[in-house]
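Structure first, then comments.
Order of writing sets the chain letters: A, B and C. Residues in each chain are counted from 1.
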Amino acid sequence: MMGFDFSQIGPALPGLMDGMVLTLKLLLLAVSGGVALGTVLALMRLSSNRLLSGGAKFYVNYFRSIPLLLVITWFYFVVPLIFKWISGEFVAVGAFTSCLVAFMMFEAAYYAEIVRAGVQSISKGQLNAAYALGMTYGQAMRLIILPQAFRKMMPLLLQQSIILFQDTSLVYAVGLMDFLNTARSKGDIVGQPNEFLILAGVVYFVISFGASTVVKRLQKRLAV
Amino acid sequence: MSAMITLKNVSKWYGDFQVLTDCSTAVEKGEVVVVCGPSGSGKSTLIKTVNALEPFQKGEIIVDGMSVGDPKTDLPKLRARIGMVFQNFELFPHLSITENLTIAQERVLGRSKDEARQKGLHYLDRVGLKAHAAKFPGQLSGGQQQRVAIARALSMDPIAMLFDEPTSALDPEMVNEVLDVMVELAHEGMTMMCVTHEMGFARKVANRVIFMDKGAIVEDCAKEEFFGDIKARSERAQHFLSKILQH
Amino acid sequence: MNYNWDWNVFFKSTGIGKEIYLDWFISGLGWTIAVALAGWIIALALGSVLGVMRTLPNKWAARIATTYVELFRNVPLLVQLFIWYFLVPDLLPERAQIWFKQDLSPATSAYLSVVVCLGLFTAARVCEQVRTGIQALPKGQNYAAMAMGFQQAQVYRYVLLPQAFRIIIPPLTSEFLNIFKNSSVASLIGLMELLAQTKQTAEFSANLFEAFTLATVIYFVLNMSLMKFMGWVETRLRVPGMMGGAK
């Protein structure tokens, strides 16, 4: 049995902070992009246009049936190529951008299902009432339906985002220096990989657990 | 000889809220006792304390010489000897009617498959549903399900039967088919404790009527006395009866 | 676009022995399935026990299960995998350490780690589904089973679990699919499952679009067939008159 020695964690804190900042930046951008794209997909899915709803359905089913890690790895290779085709010349895209695109597109499939359920839970009378006031479809969605739907599905969206927070650690696969990867490499450098791994686990746990406790409380408040 | 079921000063609390207050009564062998009262009066809770489905904190309950509140009592064994019929039937929806009738006979009483089946089908026949033996509960009407539930309880050869509002979840046209089975059972001398609002049933077969309100037994008297002079009843019982008997 | 699509790449030699790239994919798929199925067995068994524990009246059993769920749900899967693969072996007694790190082939030790990791990770999710399923059953089913004299273990085995599992087949299906997708993390500790083989093919052959397209198609088809299979299981287990929100 070996003992643990956490003495090297103090000096490593600034570096770990940088890793966490990258993790949170990735999370924030991925959530915003994912929810935006997810909302568009949900509205497409609910549209009466067969082509739109069929396309959205395929998108959602497709991304929900493949592993996130596959998407991250693939996009790491592919996004630079696509940029090259678009712009005609080679641009250094970087792992961060390719990961961000991967997360946004992947999570959009999951957010789309949440938004769809949220929109469907708003009674049809609300839409009719909005039309009766002379609103267009866009206005009715933007001003009447979506605000109500988002309030209802806020807990689910947040829960999905907590899962996404944990999943950002998969960028390890392409060498991006997020919190986990920083902890791993710092630990290796000072020869205390196990201690740094435990630290990483504890930090992820505290943040996820704390956040989901808050979400649960919010859910109870909204349920009343 | 002592009574089949005896309750002495039974009290029960949910946290600070007292649901049963000092309830005492007895059911003799072969006796039919009807328990009635407004909803929330504690009658369903009281009948569930008899076979320890609901624990109680004070007092004593003796069933056939066994103390229900005693931690040493083998509760599953005690429960296996008392049949119970519930408001929502509570047949097991994933099992066929035959399996519903036999599972406890086999797994609790240790009867052989054949014996359990024979006994189950015998009682199923008695409630007039033999033709439905292979069906599942969800395929039967409410009244039929409740008759199966009675047959299921009888298959265990109980020494007494508890009925917890057996007809209140039924559509009106199905109430009588269930009551008929219960009346027949009473005539055969089964010891019965029934929580019910069916005063016609009480008049026909009850020996005694218990009236509960706010967790306490307010009236406990012979049927003739209970229905004889309404004016002699407590105010709360009068109020309850006036509402019930209009129907 | 100046990319040269070449779908024949899968039938070309890898340059290693007589292997063609398709062989890599087949062997990768084999590992993916082996990881997912073994992990699923652990997850289903442990998750069911934990789910039952969360519904027991015993406070301690419930608390232990709750703590387990919170712990395994709030630490990222990859961190858990590193813990099982790098940290836990260091904590083993010396002989077991030597066995794990030296005697076992790298593939076997990676396989064991990822199976334990995915099994325990998914168990927390299965636990929540099982608990939800049990709690969705009417309370009367528990009462009715107890009233017939079943022991607590029998109540679960014969009455609650058969119903709960039927209710939760759809969410369990999605957990079952998740374990296949999540098994791809094994590529990060060097197990040559489907994703790792895909990456390797992409790097060796430079036909990365074809490689990743084939991998996606395999996952997609796997997903669809498993869903069909579970749908078939669900119909097989369907009980006439049960489900569909029946009370």
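One rule holds for everything that comes next: contacts are C-beta pairs under 8 Å (C-beta built on N, C-alpha and C of every residue); 3 or more make two chains touch, one makes a residue touch a chain.
Predicted model only: the values in this text are computed from it and were never measured.
Participant: Counting hops between chains that touch, how far apart are chain A and chain B?
Facilitator: 2
Participant: Of the chains shown, whose Cα mean is nearest the mean of all protein Cα atoms?
Facilitator: C
Participant: Go ahead and note the Å separation of the Cα centroids belonging to chain A and chain B.
Facilitator: Measuring from centre to centre gives 56 Å for this pair.
Participant: Just the number, please: Cα centre separation of chain A and chain C in whole Å.
Facilitator: From the centre of chain A to the centre of chain C is 22 Å.
Participant: CA centre of chain B versus CA centre of chain C: separation in Å?
Facilitator: Distance between chain centres, rounded to whole Å: 47 Å.
Participant: Can you list the chain C residues touching chain B in their complex?
Facilitator: The touching residues are 138, 140-141, 143-151, 154, 158-159, 162-163, 166, 239-242, 246-247.
Participant: Could you list, by residue number, the parts of chain C that touch chain A in their complex?
Facilitator: Within the complex, chain C touches chain A at residues 1, 3, 70-71, 73-80, 82-83, 86-87, 90-91, 93, 177, 181-185, 187-188, 195, 198-199, 202, 208-209, 212, 215-216, 219-220, 223-224.
Participant: Can you list the residues on chain B that touch chain C in the complex?
Facilitator: Going by the criterion above, the answer is residues 48, 51, 53, 76-84, 86-88, 90-94, 103-104, 107-109, 135-140, 152-153, 156, 162.
Participant: Can you check the complex and tell me which residues of chain A touch chain C?
Facilitator: 1-2, 62, 65-70, 73-74, 77-78, 81, 85, 166-167, 169-170, 172-173, 180, 184, 193-194, 197-198, 200-201, 204-205, 208-209, 212
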